[in-house]
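Two complexes, one shared chain (subunit A), two partners (subunit B, subunit C).
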Partner chain A sequence: MSVLTLTLNGSPVAVPAGSSLLEACRAAGVDLPTLCHLEGLSPVGACRLCLVELEGSGRPLAACVSEAAEGMVIRTDTPALRLHRRMGVELFFAEGNHLCAICVANGACELQDVAVAVGMDHSRFPYRHPLRPVDASHPLFSLDHNRCILCTRCLRACDELEGAHVWDVAERGSHCRIVAGLDQPWGEVEACTSCGQCVDACPTGALFHRDDTPGARRVQRGRAALLQQARQGHGWRNQGEGGP
Partner chain B sequence: MTMPAAATERGAALWPPEAGTASGGPTRRLRCCDASACRNAGGIALRQALLAARTAAGLGEGALAIQAVGCLRLCGRGPLVAADGPGGSRLWGGLPLPLADQLVAVVVMGAAELHSGSAAAIAPLPGSAVSARQPQPGQGPWPGIVAGSESEPAPVQGAVPGAGSALGPEPEPGSSPSLVDPLSPYRLDLNHPFFRLQKSVVLERCGLVDPDSLDDALAQGAYAQLRRCVRQLAPEAVRAVVRRSGLRGRGGAGYPTGLKWDTVALQPAGPRQVVANGDEGDPGAFMDRTVLESDPHRLLEGLAIAAWAVEALHGTVYLRAEYPLAIARLRRALEQVEARGGFGPAFTGTSWPLRLELRVGAGAYVCGEETALLQSIEGRRGTPRPRPPYPAQRGLGGVPTLINNVETLAAIPAILREGGEWYAGLGSTPCAGTKVFSLSGAVVNTGVVEVPMGTPLRTVVETMGCGVVGGLPVKAVQTGGPSGGCIPERHLDTPLTYEAMAALGSILGSGGMVVLGPATSMPALARFFMEFCVQESCGKCLPCRAGTVQLAALLDRVVAGRAEVADLERLEELAAMVKATSLCGLGQSAPNPLLSTLRHFRAEYEAACEPGGAGVGAHGVAQTPSPPTFPPHHQPASPQDETGAQEPPAARREP
Partner chain C sequence: MSSANPLTASSLGPADRNALAGEPTSAPSPAATPEPSPSSPADRAAAAGPFFPAPSSVSTPAPSPAAAPKLRLATVWLAGCSGCHMSFLDLDDWLFELAQLADIVYSPVASDVKTYPDHVDVCLVEGAVANADNLAMARTLRERTRVVVAFGDCAISAHVPGLRNRLAAEPGGGVAAVLERSYRELADLQPQWPGSSGLVPELLERVLPLHEVIAVELWLPGCPPPAARIRLVLEALVCGEIPQLEGPEGLRFG
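Here is the complex of A and B:
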C-alpha cells in the first residue's frame, strides 16, 4: 500500500493512498465535526462542517469528500473555519424545531455534540419555526420531521446497506423533507424491512424507536461501518479466529 | 470542402448583403420573426395577415416569399418583419394587422411605384415624401431606432456618446413623412448602433433561416463544417482549431473550451459522452433560447463536431422545460436528421454512428449546474455533487463527459469555417470572439445583441440599448443573474470580459443583462435574487438551504426599514459564509447580488437602518424591481412558497 505524506495543522502525517482528508484527520487524532458523514456510508459533503483549508486553494474543502494527495498542507482550525462552522450549526438549529429537553435523543444527539464542540450556545439567526409533521405510522419506529437535519444518512443506510431504498428526499430548498416510499406513510411502505438501520444512522432524534422516551434513545452508530466491512471485506466477526 | 459563397460572405452581416438572392429564391421576401418574443407580441397573426394580404393582392410565393424565421434581435418592438428586396433590407416592428396589406404593397411595388402608380390603392397617402424614402437601410431620417418618431424626444439625452450621430441624417426640410406613410411609425432603422454594432457569429443565421426547415439550413451552410471534420479532420486537428480560437465557456464560468475538450479526449480509452447545457435559467437571460428557436441545426452541428473531437458516439441536449418552442424546434430538427438516416449517412457520407437525443428538465434552476444536470439526465434528483471527479473524468453513466453551453457549441461551426485565429481576432485578450447578450429591464431597446468580447458595457447599454426609457439615467446594470451582481453607472466603461466583470464583484455570466433605472431599489433587487435562490436551492447542502433563507429574512428587514446596523454586519458575515462553504456554484454565488449592491450602493442599505427610516420607500424608490424587468417566462418555475408564513416574530432577535 502506498503512503502519502501531508501536513496537518503544521504536523506531518502519513496516510494510506486513497484516504479522504477526513480519514487523514481522524487518523492523526484531529477531530472534525461532521453530521452528514457516517462511517460505512458513501460521503455526500452536505453538512459542510468538516471544511478544511488547503494551502493554495481559494475555497475550503469538505474533508469527507476530498481525497488526500501528496504534499497537501491542510489547516482545520483557522478563525474563518471556526466562524463558519459555528454559523453552520446555528443555521441547523434555526431551520428546524430542536427542543432538546423533550427529545428522545437528548444526550445522545450528534447535533447537540457538534453544538458543544463548536461552542454554539445560542443562535444569532431567528428560529424559523417551520410547521413539520410526525409520521408515527410504522409499528416499530417513528419519524419526527421537526428534528430532521436532512443529512440523508437514513436514505443512504437504507439504500446502501439494506438495499431497500425506502427513503428519499422530496421538494427543494428549505421545503426539503425525507419521504418514505412514494411519499407514503412509513407504515404503508412495503419495501421497508423494519431493519432499523435508518434509526441507527440518524444523528438526531428524527428517527427513533416508538417506545423511546425523552433521553432514552439507544444508538448503534458503528453498525453501518460494521456492516460495510462485513459485506465488502467479508470480515464477519463470527468467522476466523477470535470470534465474537 | 468549400463553402457556398453566400454563406461565407454572410459571416459578419446581420442582414443578407443581397437580400433574397442567396438561396436563389424570389428576389422579394418578407421574413417574419417567429421566435418566442415576437410570437407573444402577435407574430403569428401578423404573418397570417401578410399571407392573406398577399393572396388578396393576387400574388404568389414567386412574387413575394413570406417566411417564418428566427430572432430579428429587437425583441421589445415585436412582432418584427424584415423585408428583402432589390434595394436592400428594411425592418418593421409592432406593425398592426390592418397595415399588413400596405406592407405587402410597399414591399412588392417598391416605394417609387407606390407613390406614383398605386397611391389610390393605399390611400390615404398624400404628399410627396414617400418617394424620397427609398428602401435603403439606414437612410431613414428618424431619431432613435424607430422610424417616424420625430415628435418624440430621443430616448436618451446627452448620456449617449456617439449615439446622437448614429441616428441617421436629419429629415429633409419641409418633409413630414410620418404624416404620409402609415408604415413609417413602425419602421426601424437598420443603421442604428443596435444593429450596426452587432457582430453575428453565433447568431449568423438567426433571422435568416427558417428554424423548421433543414433544407433551408443546409442551403445556408449548416452541417458543412461537420462534413469537413468527419471527412478531412482528425479529432486532434478539430481540437487544435478550438484551442487556437481562444473560445471560453459561454455558460458563465469562462473555462477554456479547447482545454475542456482536450481533458475529455485525453481520458483513458473508452466511451465518451457529450452534453449541451440548455438549462438557461437566469432571470433576464434568453441567449440560448434565441439560438435554439432560431437556428436549432446550428446547435446540433456544434454538438456533433464536439462529439467528433472527443470521439463520443452519443450526445444529449438538455433543455429546460420552460422553453416549449425551443424544445419543439430542436425535436423537429432531430427528427429531420433522423429521417435522413442520422448524422453520419446524411451529412458526412460516412457510417459514423453518432446519436443525439433531447432531454427536457423538470423545472429546477440548479440543473444548469453540470453535476446536477448529469443527475437529471440520468433520471435522478437534480442535486449537485462535489467535484472532483469532474464530469470530464467521470460524468454521464460514469464515462468522461464533455458538457458545453449551447452558445459555446453554436460558435463552433463558424470557428471551424473561418479558423481559430479569425475568432481569436474578434475579441480582446484574454477573451476571444463574440458574446451574445440579452438586453432587458428598463432599457429602451430590449433584445438580443452579439458583440465582440471586450466591448465596453456602456456601448451595449447606452449606444445600442439607448439607455433607460424616458431619458432617465442608468443606475446600474445587473449582469449574470442570481449569480452575478450590479455594475453601477460609474463603471459602465468596463470592458465586457470575464476578468473585468469579476473585478467589480459581478460576473459576465451567461449573458443576461438587466438595465436598472433610477427608480430601482438595490436592497429590493438583492431581495428578489435572494428569494430566487431560496426557491431554487436544491436543499442538499446546509449553507444554501438554510443560509439563503436567513439572508432573505434579513433583507426583508432592510426592505421594510426595520433593519439595524447589526443586521448589516450579520448580512455580510452570513453572505461570506454561504459563499465560502456552499457545495455548488448556486450557493457559492447566491450572495453575489447582495454583496455587489452592498459594495456599490451601501448608502441605500444604511438609509434603511436609520432610526425612524421607512426603509427603501423613504427615498422615493420602488419596493420591487419594476415588472418589465423580468418577463413572466423568466420567473422561477416553482410556485410561491410559504416562507412568508414562517416569518419569525421580530422580537426573537438575539442581542
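Here is the complex of A and C:
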C-alpha cells in the first residue's frame, strides 16, 4: 500500500493513499467535529463542521469528502475555521426546534455535544421556530422533524446497510425534509423492515424508539461501522478469530 | 473615576478573613486556602482591581473593611419555570459564603424588594421575554445593571416558552392563534378568550431570547444550569471577572 505524507497543523503525517483528510486527521489524533459523518456510511459533506484549510486553496474544504494528496499542508484550528464551525452549529440550532431538556436524546445527542465542542453559549441568529410535524405512524419508531438536521445519516444507513432505501430528501430550502417511501406516513411504507438502523444512525433525537422518554434514548452508534467491517472483511463476531 | 474596589475584606469568608488579617488588599495567599484553585474567589476579589466601573454615587476613595460595599446581585424571573432559581437554591451552604461576598438586592427567592433597584452590579435573568411585563422588566434591569447574565436555556433561546412561536411562524399565526389554541381548542369547559384587557400582561407576538431584547454580557446555559456551574460564574463575577465558559462543565444546553 502506498503512503502519502502531508503536513497537519505543522506536523508531518503519513496516511495510506486513498485516505480522506478526515481519516488523516483522526489517525493523527486531531479531533474534528462532525455531524453528518458516521463510520460505516459513505461521506456526503453536508454539515460543514469538518472544514479545514488547505494551503494554496482559496476556500475551506470539508475534510470528510476531500482526499488526502502528497505534500498537502492542512490546518484544522485557525480562528476563521473556529468561527465558521460555531456559526454552523448556531445555524443548526436556530433553524429547527432543538430543546435539549425535553428531548429523548438529551445527554446522548451529537448536536448537543458539538455545541459544547465549538463553544456555543447562544445563537447570534434569530430562532425560526418552524411548525413541523411528528410522524408517529410506525409501530416501533417515530420521526420528529423538529429535531432533524438533514444530515441524511438515516437515508444512507437504510440504503447502504439495509438496502431498503425507505428514506429520501424532499423539497428545498426551508421546506427541505426527510420523507419515508413516496412521501407517505412511515408506518405505511412496506419497504421498511423495522430494522432500526436509521434510529441508531440519527445524531439527534429526530428518530427514536416510541417508548423513549426524555433523556432515555437508546442507540448503538457503532452498528454501522460494525456491519461495514463485517461485510467487507467477511467476518462476524460470532465466527471466531476472523471477526472484526 | 473612583478606584474603589467594590469588594474588600469585609466581603470575605471567615477563613479568608483570617488569612488576610490586617492586609485587606494583599496578594492572594494560596497556602491559607483549602481549595485546589490557586486562590479563593474572596482572595482574588480582594486582590483584583475594580473590573466593573463603580457607579458615581458609590465613590468611596479609601474603602475601609467595614464600609466598603459588597457586590450588588439581583436575580429576575421572566417567562420561565423558576427551575433556574431552584438550581440557584441548590447552591446550599455556599449561599452563606455568597452572602458574605454579595448583597442580594432583588430576587424572587431571596429578597422582598418589589422595585428593581439602581446600581446593580450583576443580574441573573431567568426566562424568555414573552409579554409586555417581561419586556419592561428587561429594559429596566438593563438600565440599572452593569453585568446582565442570561440565566438558563429559556433566557438564551426562548426554549419551552418559545414553543408557541411555532404557531406564530404560520400565516395568520401570532398571539391570536396562541390564544385560540390555548383557550378555545384545548378547553374542556366554557371555551372562551380571556377578555380582561389590561388585567394580565399582553403577550408579545413572539417569545424572544433575552439578547434579542437587551444587551447581554454573559450566557449561562443549562435547563437548569447545574448549581456547580452557577457557582463557577458567581465566583468569577464577585472577583470582577467575566468568566470564559467552556467544556461540558460550563456550556452544556439541557
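Definition applied: the second predicted complex is superposed on the first by the 240 of 244 C-alpha atoms of A that agree within 3 Å, B and C clash if a C-alpha of one lies under 4 Å from a C-alpha of the other, contacts with A are read in each partner's own complex, and residues count from 1 in each chain.
We adopt the following convention: contacts are C-beta pairs under 8 Å (C-beta built on N, C-alpha and C of every residue); 3 or more make two chains touch, one makes a residue touch a chain.
Computed from a predicted structure; not experimentally measured.
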item	value
Which superposed partner A:126 touches (first subunit B, second subunit C, both, neither)	both
First (subunit B), second (subunit C), both or neither touched by A:116	second
Dominant toucher of subunit A (residue count), subunit B or subunit C	B
Partner chain(s) touched by A:88 [first = subunit B, second = subunit C, both, neither]	first
Contacts of A:102 with subunit B and subunit C, given as first, second, both or neither	second
Touching partner for A:169 - first (subunit B), second (subunit C), both, neither	first
Touching both subunit B and subunit C, residues of subunit A	122-123, 126-131
Residues of subunit A defined as touching subunit B within the complex	44-48, 51, 59-60, 62, 65-67, 80, 83-84, 87-88, 91-92, 94-95, 122-131, 150, 168-169, 171-176
Residue numbers on subunit C that touch subunit A, as the complex places them	150, 153, 156-160, 162-163, 165-170, 173, 206, 209, 211-212, 216, 219-221, 223, 245-248, 251-254
In the complex with subunit C, residue positions of subunit A that touch it	93, 97, 99-103, 106-107, 112, 115-116, 119-123, 126-132
Subunit B to subunit A touching residues, read off their complex	364, 381, 385-386, 388, 534-550, 553, 570, 573-574, 577, 580-583, 588, 638, 641, 643, 645-646, 648, 652-654
